[in-house]
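Each structure below is given as C-alpha cells.
Two complexes, one shared chain (subunit A), two partners (subunit B, subunit C).
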Partner chain A sequence: MSAFANILLGGVFHAAVLFLVAAGLQLVFGVQKILNLACGSFYALGAYFGITFTSFAAKYGMPVWMLLPALVFAGVILGAIGPVIERLLRTVYDRDESFQLLLTFSLLLMFQDILRFIWGANPRSIDLNYLVYGKVVFSDFSVPVYNLLVIAAAIIIAAGLGLFLQRTNYGRVLRATAENRSMAEALGVDVRGVYATVFTVGTMLGTVAGALVVPTAAASLDIAVELVVEAFAVVVIGGLGSMPGALAGAVVVGLIHALSIAIYPELELLATYLIVIGVLLLRPAGLFGRPVT
Partner chain B sequence: MSSRAAVLLAIFGVLALAVVPWLAPPFYASLLISFFAYAIALLGFNLLFGYGGLLSFGHAMFLGFGAYGTAIVSGVLGIKSFEVALIAVVIGAAIAAAPIGWLCVRYTGIFFGMLTLAFGMLFHSFLFKFYYVTGGDSGMRIPRMNILGLELAQYNKISFLAGPFYYYCLALLVIAGLIMWRIVHSPFGLHLRALRDNPRKAEYLGVRVREFRLVAFVISSVFAAAGGAILGLRIGLADPELVYWTHSGQLVFMTVLGGFTNFFGPILGALAFTLLQDQLQSLTQYWRFVLGAILALLVIGFPTGIAGLIRNYNWRRVAAT
Partner chain C sequence: MKLSRRTLLKSMAAASALASPATVFSPAIAQNKPLKIGVLTPRTGLAASPGISALRATEWAVEKFNAGGGIAGRKVEIVVEEETSPKDTIERFSKLVQQEQVDHVQGIVSTGVALALGPVVEESRVLTIFWDGTTQDGVEEKLPNPKYLFKSTDNECEAVMASLLAIKYWKGQFKKIAGINPDYSYGRNNQAAFIALLKRFNIEHEVVTEQWPKVGTMDLTSHVAALQAAKPDLIFSSLLFADLPVFMKQADAAGLTKSAKLVFPAAGWQHTAMKKEFTPEGMLFGHNTLYFDNPQANPIAKEFVGWYADKHKDYPNWEADRAYFSLVSYKNAVEQAAKAKGGWPAVDDIIAAMEGSSVESLGGKGGWRKDHIADQTFIQGFTTHKNKYDFVTLDKFDSMYSTDLQKPAGANFWEWIKTAPFKV
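Right, the complex of A and B next:
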C-alpha cells in the first residue's frame, strides 16, 4: 500500500509540472492557433535560470525557506522574453501552420545553444536543499513537503487561470479572440495586445514549471526536447486548446508514467505514446476538446 | 521550370557529383554519402509534404526502419549483400507503412503531424527501452557489406566509402530521382496536388482522397527506408537518435532549406544542409544556433528556399510543370 501511495504521489507531482507547461501550450494554441515547440525551451530556461537566481539570492542572504517563492519569482521575471518572441512569431500569423511549427522548431534549436552558451553542457543542479521544508512521514513512507507545495502551487495556478479566463473581463476578451479573431477585432479588441499578453503568460507558465522542478531534478540540455513530446502527449490526450483538457491530460500522463515505471519500466514512454495514438484515432478532439471538422 | 532545362540541370549536377571523388579529399566524398542518403529520403518526404501537403513530423522513423533493417540483415542474419538489405528494408517499410499510413492519413494539418510524431516516438521508445532486442541507446552494429556481389576487400573503410560506394549511391540517387520524377508527373502526382490545393473539390471530382494519400505515404516511407539503409551503412551503426523527433524536424528543415515547391529543392536542401552542418560543426560548438537562425530566416523571409531563390517563379506554376 505504501509503495502504491508513493508512486501515486510521484505521478501527481509529475502531473503538476506537466500541467503548467501544457497550460501554457494550450493558452497559446487556443488563442493564437500556434503549436509552440519552443515550450520545452522555456521550461529548460526556467530550470537553469532558477538555479542561478536562487544561488545568487542565497549569496546575498536569502533565507533557505524562501526557496519556493524565489523560484516562482525567477520564472515570472523570465516571462519578459515572451513579448520578444511573440514579435518574431507575428511574422507568420497568417501563414500555413507548418511554417508556424517550423519557426518554433528553429527557436528550440537556437535556445538549445543559448542554454549551452550560458550554462555549459554539463547538467546543473541547485545547491540549496529543498528538504528545508521537511518531510511528511506516513507509517512507512515519506514525502518531501516541497513536492506537496509544488502540487499545491500548480492547483492554485490552475484555479487562478480558470477564474481569470472565466470571470474577468480580460479573460472574456481572450476567449472571444480565441473564438473568432476577426469579429473580436471588429468589435474593438486590440488583438495584437491580446496575442502579446497570451504568449507572455504562456511563456511564464513554462518557465515557472521549469524553475519549480529544478530542486528535485538536475537541469540538463536534454530536458527541453524531452519535455516537448511529453507536453504534446498531454495536450493531445486532453484536447488541443482546452484548459480542463490540460489538467486531465497531465494527470493521465503523470500517472501512467509513474505506474509503468513501477510495474514494467520498459513501458514508461511506450504506454504514453500508445495512449496518445489511441486518443488521436478514436477521439481526435481529445477528452475535452471540440470535435475537429 | 521547363522540363528541358530541368533535365539539363540534373545531368550537369550528376556529372559534377561524379568528379567529386577525383578532386576532393576522401572525407568530402564520404560526407556526400550522407547527402545521397538524405536526398533519396527527402525525394520521398517531399512527395508527401510538397506535393501532398502533409507535414510528417515522424518521418525519421522510416530512416530508422532502413538502418535497423540493414543491421538485422547484415549483423543478425549474416547476409553481406547490400542489395538484399535494400530490398528487404524497402519491402519491410512498405508493409509497416501501410497500416501506420492508413491510420495517419485520416487527418491533415496539425493532427497528421502529431500522429506521425507519436508513431515516431513510439518506435523510438521501443528501440530505446527494449535494449535486449535493439541494443538500447548503443544501437545495433552494421558490419561492412558487399555491393553488386563484389567483396572489394582491397579498399579500407574510407576508400570504400569514397570510391565504389560513392558511385553506387550516386547511381541509387539517379534511379530514385527518375522514379520520383515519373511518379510526380503521372496522373497520380496530379491527383495528389489537386488534393493538396482543394481536397473537397478533388473529392467531388472523384479523387479517392484517402487512398491517394495512403499511397503517397507508403511511397515516401519506402524512399526514406532506402535512405536509412545507406545512412546506416555509412556510419556502421543503427541507433535510436536516428528516430528521435528532432531528426524528423531536421528532415523538414532540409526540405524547406532547399525548397519544397520544387522537384529538385529537397536534393539541394540535403546538399546544402550536409555541407553547412559539417562546416559549422568545425567552426563552432554553437552550430545549432546558426542553423536555427537560418531556419527562422527561411521561414520568415524565403519560404521557397534555395530553389525558390534560384528561380523566383510563381511556385504553383513551378510545381505544376
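Right, the complex of A and C next:
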C-alpha cells in the first residue's frame, strides 16, 4: 500500500508541474489563439532564475525555510518578460497559424542560447536543501514535505485560475474575448491589454513551475524542449484551450509516467503516447475540448 | 622564359621536396618547430565536469614539460577543440589534423563519439589517444588492433571492480537488488556485468526493479518512487553525469540511502557534488583511476592535486588522470624513440615505443597493451563524512590493476566473466 502511495505521489508531483505549464499554454491558446511553443523556455528560464535568485537571497541572509516563497516570488517577477514577448507576437496575430508556430519555435531555440549565454551550458542546481521542510514518514511511505507543498501550490493556482475566470468581471472579459474577439472589441474591451495580461499570466505559470521544480531536480538546457513535448501530450489528452483539460491531461500523463516507470520502465514514453493516439482516434478534441464545427 | 629539360627536372624535384611531409626534413629543422597536440574535450554540457578536469591536467602537464625542455627538445603547444556530437567532433578532429596540422591528438570522453571517431583516426594516420569511451558497440570491439589509435581501459572495469567488492564485503547481506543506470550501452552493460558476476559467484539474488533514465533526465522523482516501492536491499547505479547528485538528493529524501546498500562504480566523475548532507557514509563509491585524497598517492599526484586546489578551488576527478596518463606515456614514447633513432622519430617509431610501455600516472601504474588498450590502476571504497570537505571521501578503499578487471585481447566479455580468475 505504501509502495503504491509513493508511486502515486511521484506521479502527482510530476502532474502538478506539468499542469502549471500546460495551464499557461491553454490560457494563451484559449484567449489569443496562439500555440505557444516557447512555454518550455519559460519553464527553463524559471528554473535557472530560481537558482540565481535564491542563491543571491541566501547570501544576503534569507532563512532556508523561505525557499518556497522565494522561488514563487522569483517565478512571478520573471513574468515581467511576458509583455515584451507578447509585443513581438502581435506581428503574427492575424497571420496564418504556421507563422505563429514558427515564431514561437524560434523563440524556444533563441531562449536556449540566451540561457547558455547567461548561465552557461553546464547543468545548475540549487544549493539550499529542500528537505528543510522535513519529510512525512509513515511505515515505508516517505515523501518530502516540499513535494506536498508544490502539489498544494498547483492546486491553489488551479482553483485561483478557475475562480478568476468564472467569478470575476475581468475573467468574464477574458472569456468574452476568447469567444469573439471582434465583438468584444466592438463592445469596448481593450483587447490589446487583455492579450498582454493573458500572455503575462501564461508566462508566469511557466516560470513559477520551473522555479518550483528546481530544488528537487536541476536546470539544464534540454529541459525546455523535453517539457514542451510532455505539455503537448497533456494538451492533446485534455483538449486544446481547456483549463479543466489541462488539469485532467496533466494528471493522466503524470500518473502514466510514474506507473509505467514502476511497472515497465522501458515503456514509459510508449505508454503516454499510446494514450495520446487513443484520444486522437476516439475523441480528437480531447477529454474536455470542444469539437471544431 | 625558355625552360630546359634539366631546369624543369630540378624545379620538379625542389617542388616535390617542399611538398613532402615534415618527417623527411632533417631532425634539426623539425625540432625547431613546437610540437602541436590537438585536444578534444567537452567543456560544456553534461560531461563538462570530466572534460574540464582533464583539460586542466593537460595544461598543467604541458607547463611542466615545457619548463623541463618540452618533449624530446620540442616545446609543446596544445590546440583545444570541443567534443560534442559524433558528427561535429569528427569535423573538429579533421580540422585539427588538416588545418592545424597537429602532430598528435588526445581526448574524447563519450563512448558514442569514440566509436564513430575510431575509423577516422586510422584513416588520418595521426597517433591519437582516447582518454575514455571505447570503440566498442556494447562490449564487442569494433576496431580490433588499430595502428594509430590507443584506447582507454574498457568501460566495464569499474562495474567489474564494484561488483567484486560488493560480493567481497556484503555477501549474504543482500538479496533484493535494484538498478538505476543511464539508458545507453554503458549503463546497460554495467548493470548486466553486475548480475553476471553475482551469478558467477553463486550469490542468491532477485532483481526487483531496473530503472533506465535517459541521460540528462533531471526529474527522477518517479524513478525514485519506483525504487522505493521495490524495497531493494542493494541499489547498483552507474549514473555519472549531472543527474547523479540529483538522484542522490531525491533518494536521500525518500529514505533509500538508509534502507539500501549503495554500489556506485562511476560516482567519482561528480565527487565534489556528492555533498555530505545527502550522500551517506558506507556507500561503495568508485573513483576510477584517480582518487584525489589518496594518502598513498605518489608525489606527482600530490603536487597536481595541490596545484589544482590552489588554482581552481576544486579537486580533480579521474579524467584528469586519463589525460595525464595519455600525455606522459606519449612523451615517454617519443623520447625513447628519438633516443633510439638519434633524431625526431617517425610516427611508426613512436607507436612501437608506446606498445608494451608503462608509466607512473597520477593514479598509479599504467601502461599500454600490444592491442593498444590501456591498463590502469582503479580505486573504489566506502564513503565517509570524516574529512575537511563538504562532500564525501573514502574511508577504507581497495586498489586493483586493470589486468584483473578487463577482458584480454580478443576475448568475449561475457564468456571471460564466466571463467576469469578474479581475486575477490
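The rule is simple: the second predicted complex is superposed on the first by the 293 of 293 C-alpha atoms of A that agree within 3 Å, B and C clash if a C-alpha of one lies under 4 Å from a C-alpha of the other, contacts with A are read in each partner's own complex, and residues count from 1 in each chain.
By definition in this document, a residue touches a chain if its C-beta (ideal position, glycine included) is under 8 Å from a C-beta of that chain, and two chains touch if they have at least 3 such contacts.
Computed from a prediction, not measured in an experiment: that's the story for all the values here.
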Partner chain(s) touched by A:G120 [first = subunit B, second = subunit C, both, neither]: second
Contacts of A:L280 with subunit B and subunit C, given as first, second, both or neither: first
Contacts of A:T216 with subunit B and subunit C, given as first, second, both or neither: second
Partner chain(s) touched by A:E266 [first = subunit B, second = subunit C, both, neither]: both
Contacts of A:S142 with subunit B and subunit C, given as first, second, both or neither: second
Partner chain(s) touched by A:V132 [first = subunit B, second = subunit C, both, neither]: neither
Intersection of the subunit A residues that touch subunit B with those that touch subunit C: 116, 265-266
Parts of subunit A lying in touch with subunit B, wherever the complex brings them together: 35, 88, 91-92, 95, 97-99, 101-103, 105-114, 116-117, 225, 228-229, 232-233, 236, 240, 265-270, 273-274, 276-277, 280-281, 284, 292
List of subunit A residues in touch with subunit C within their complex: 3-4, 6-7, 9-11, 13-14, 17, 116, 120-123, 125, 129-131, 135, 137, 140, 142-144, 147, 213, 216-223, 257-258, 261-262, 265-266
Touching residues (chain side subunit B, partner subunit A) in the complex: 49, 55, 57, 103, 106-107, 109-111, 113-115, 117-119, 121-122, 125-126, 128-130, 244-246, 249, 252-253, 256, 285-289, 291-293, 295-296, 299-300, 303
Subunit A partner contacts - residues on subunit C that touch it in the complex: 44-46, 48-49, 209-212, 216, 218-226, 228-231, 242-243, 245-246, 249-250, 252-255, 273, 277-278
